[in-house]
Amino acid sequence: MSYLLNTWYIAGWADELAPRAMLGRTIVEQPMVFFRDSRGAIQALADRCPHRFAPLHMGTIVGDSIQCPYHGLRFDGSGQCTHNPHGEGNIPKAACVRGFAVVERHGAIWVWLGERHLASDALIPDFSFFEQAPTHAKGHGYLPTRAHYELLSDNIMDLSHVDFLHPDTLGGGALSRTRAAVEELANDRVRISWWAADDVPPPAFGAHLEDPSRADVWAEVIWHAPGLMLLGSGATAPGRPREEGPVTWNLHLMTPQDATNTHYFFANTRSFEQDNAQLNAFVQDMLIGIFAGEDKPMVEAQQRQIGEVDLLGLNPVLLPVDAGAVRCRRVLRRLIETERAATHANPSSSFGKEVLR
Amino acid sequence: MSYLLNTWYIAGWADELAPRAMLGRTIVEQPMVFFRDSRGAIQALADRCPHRFAPLHMGTIVGDSIQCPYHGLRFDGSGQCTHNPHGEGNIPKAACVRGFAVVERHGAIWVWLGERHLASDALIPDFSFFEQAPTHAKGHGYLPTRAHYELLSDNIMDLSHVDFLHPDTLGGGALSRTRAAVEELANDRVRISWWAADDVPPPAFGAHLEDPSRADVWAEVIWHAPGLMLLGSGATAPGRPREEGPVTWNLHLMTPQDATNTHYFFANTRSFEQDNAQLNAFVQDMLIGIFAGEDKPMVEAQQRQIGEVDLLGLNPVLLPVDAGAVRCRRVLRRLIETERAATHANPSSSFGKEVLR
Amino acid sequence: MSYLLNTWYIAGWADELAPRAMLGRTIVEQPMVFFRDSRGAIQALADRCPHRFAPLHMGTIVGDSIQCPYHGLRFDGSGQCTHNPHGEGNIPKAACVRGFAVVERHGAIWVWLGERHLASDALIPDFSFFEQAPTHAKGHGYLPTRAHYELLSDNIMDLSHVDFLHPDTLGGGALSRTRAAVEELANDRVRISWWAADDVPPPAFGAHLEDPSRADVWAEVIWHAPGLMLLGSGATAPGRPREEGPVTWNLHLMTPQDATNTHYFFANTRSFEQDNAQLNAFVQDMLIGIFAGEDKPMVEAQQRQIGEVDLLGLNPVLLPVDAGAVRCRRVLRRLIETERAATHANPSSSFGKEVLR
């Protein structure tokens, strides 16, 4: 299994990590521990003490270090050993763990597993709309899913599925009756967009339209390699600008745990009834019900049928609706191959070995 | 793992498939979906949409087709795509799934995984006695079992085990005190039969004899390759014809799911107190208790000890009681080898590839 | 995976085996059944009938034999078939199972998997102190653990861990503040000992000292290959002989089930308040809480991080506290290699093949 490494992965929501707390999570096959230091800054380390390989996330935080639960060695956020209770003050040179670049932004924890000097936080997509949305007009969640992350990305890149998998909520038939437009954008992004004029709005939007029976229905997804997706959707009175109708902007953020497990993070905001706390709670419940009860079982069933091989290698019948998903898969392959080639061209780099041990 | 393919396998009991319902079940490693069309006829398809490999059994029935749960493609009982909501009316030529010959007979669903032109329903054994038995003199059930199907066949082909594994119900000692006769019959069948004169009847028959302490005890099993068994047993007053005493005719039907899992279907009828609904309920409860509580744990324990190798390759100590089981294993090996040889001799046939992908 | 075979392994506590009862347990990958014969003597057999490979521990005891649950063959404690209900009195020569030397001593069941003529019970360590301890001053238990047995031995051979893993009960800081002495003893044993003068006693001992704030704190472990450990520990007023303070002698007995599972048996005695049944119950509860709630999760987490490779092959950072554990690992490697060389030098021996089939 190969992954893109010189990229920012979402490791969790920032509120999963309370002050002085730790979070153990495996990202692209690398067990990691995340913790907040005394200033509240998030630190990320390989989750394995170099002494006896105890998981550090089972330990405790002492000052700005994690203390290993088993024999008490301490490591700061850079991975240096800061205390050895057994060596009469000596700290063995090899007593260190790998530290990772980590950034807290847009309510999420972003981690970089590749070459550290490339880890510029300017490369993090601007998802500030989520932080800026009013309290009662947004929500977010996490759903560990037993499927390859590209199956989850495919799911978002082909929204025609909502008409069949979510017919009573998100689907209304409009998206599968129109042909989506796909375009590659700068910075390894792909956009897919739908515009169904004078069609049937999905139930979730119909309730917020003057005439719930007809609308211009639209959606668009911008995919950022390797698995971050910004999804906008809405419905507006026929012929009117889309801003006039109800609009939602959502995030679907896929982080590979390993070849068959994905950390699926999602977030949503809405443009209407932004102070309605009761509606907000209803929306959050509805969405988690849909994702956990309809999408997750479907992609997990796909995964079981496919096994650990590449979907496209199985010669699926491709339909026009697959254009966006296939484009993303091709961009991602190209990026991974380019990265691997660069690593091989520079054999003095410890890059590959270092990361996925 | 190799299986006999040009043969009828039991996929389920017909009453497992309500009108307009679906049943997903894996037969010899092939995931299949069974459904009833608008006329009530059973159809069988590979359980995998050719588009994104979603399991069709998670979908819905629309007319005479299954609609894929994920993107709405529909397939009829032949496997042809009858509707593509995304192609502006076009149906890609490759958008089809494999259909299988399937027959509803004797209360069961019979499916053929091999070459379709050989799938004559004249090859289905005549188990009509089961349909014809009075309502309160019969029962049937299903027991998924974590063991190779030949271990389950062995269990029925050597009924001496009842004296040790089921001493308080089906066993009485008689069957293990007499030597069984084994003979090969036409059409790849093997018969094993026991006749213990003036011996102790099993408790289950004793209650229906004038003298419950002594009887001629008999049993016979006719095995049909690869795993269908008709089992008769009874007890009669010493020297009297067997029809004078209580008689039961039973079916033990083993369908391989894969190398270590079997769909075990069983059915029973009896000749006595045929209108006694209470006795019938008692018999069904007793049998499921015996099969689920005594036979299943035993063959599953055997499977764990043996692992995924052939039993006979481990040099078991063979006893005279194994004669029937070993004969069946040899017939089945011969049939599988003959079938494989025929397939290899005709390389233009897509037979092997097509079936077990 | 290679194991030492010419050695006594603990198969269980003697009280796990009631009169006429059976115990099935896998020792160094060999499924075994233990039972008491009519005189109460423990017998040990391979847990697999040679006929159909049924597990004998699912059977019944008849006289001094186990009767196979499936077809009724019987085997005595030597493994000879004593009864075949199917052969008209004949017992096939091959109808036998392997019997093992087994001894009941010190409240435990000891079994020998290697060459039987070497199985002298003089090689069993003298743990008679455990039998001789008063009823209310001792306890014992069993904890199946998903980890390699050497990880469990390491845990005992480096008691500095108590200060970090059990800080509120067994640890007080003293053991990790002093340097342990390690010495190799006769008969493939290793001793490690700690003596911390005028230091902080662990809470568990403090309550039994006149001045609970200061004490000479000591501990020692004698490891017997491959995984039997006698652990003494205590605390005494500064400068006084250790017998004056509270003392505990404990057993930590590790028997490999397979490469990643260990049968962990433990026992303890104490020198103080030997008639205090309430204290005794409290101590047993505390210890099982510590072992099950702190040690077991830690070594199981280590195992998951390490996988099925040798710890030392992963280049851990070694600290002075590892000296005892590393010494034991080296002695054990040497013993296993010597044993394997002897087996290879004598190819007529069926030793290796016979044991681990």
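Some points to look at:
Letters are used for the chains, namely A, B and C, taken in the order the chains are written, and counting of residues starts over at 1 for each.
Going forward, contacts are C-beta pairs under 8 Å (C-beta built on N, C-alpha and C of every residue); 3 or more make two chains touch, one makes a residue touch a chain.
These numbers were taken from a predicted model, which means no experiment stands behind them.
The best fit of Cα atoms from chain B onto chain C calls for a rotation angle of 120°, in steps of 5. Mostly differing positions are employed by chain A and chain B in their mutual contact, as under half of the interface residue numbers are shared between these two copies. Between chain A and chain B the centroid-to-centroid distance comes to 47 Å (mean Cα coordinates, whole Å).
Shared interface positions of chain C, i.e. residues touching 2 or more other chains, are not present.
In the complex of the two chains, the chain B residues touching chain A come out as 31, 48, 50-55, 58, 67-72, 84-87, 92, 94-95. Those residues of chain C whose C-beta lies close enough to touch chain A in the complex are 154, 158, 160-161, 163-165, 176, 297-298, 301-302, 305-306, 311, 314, 316-322.
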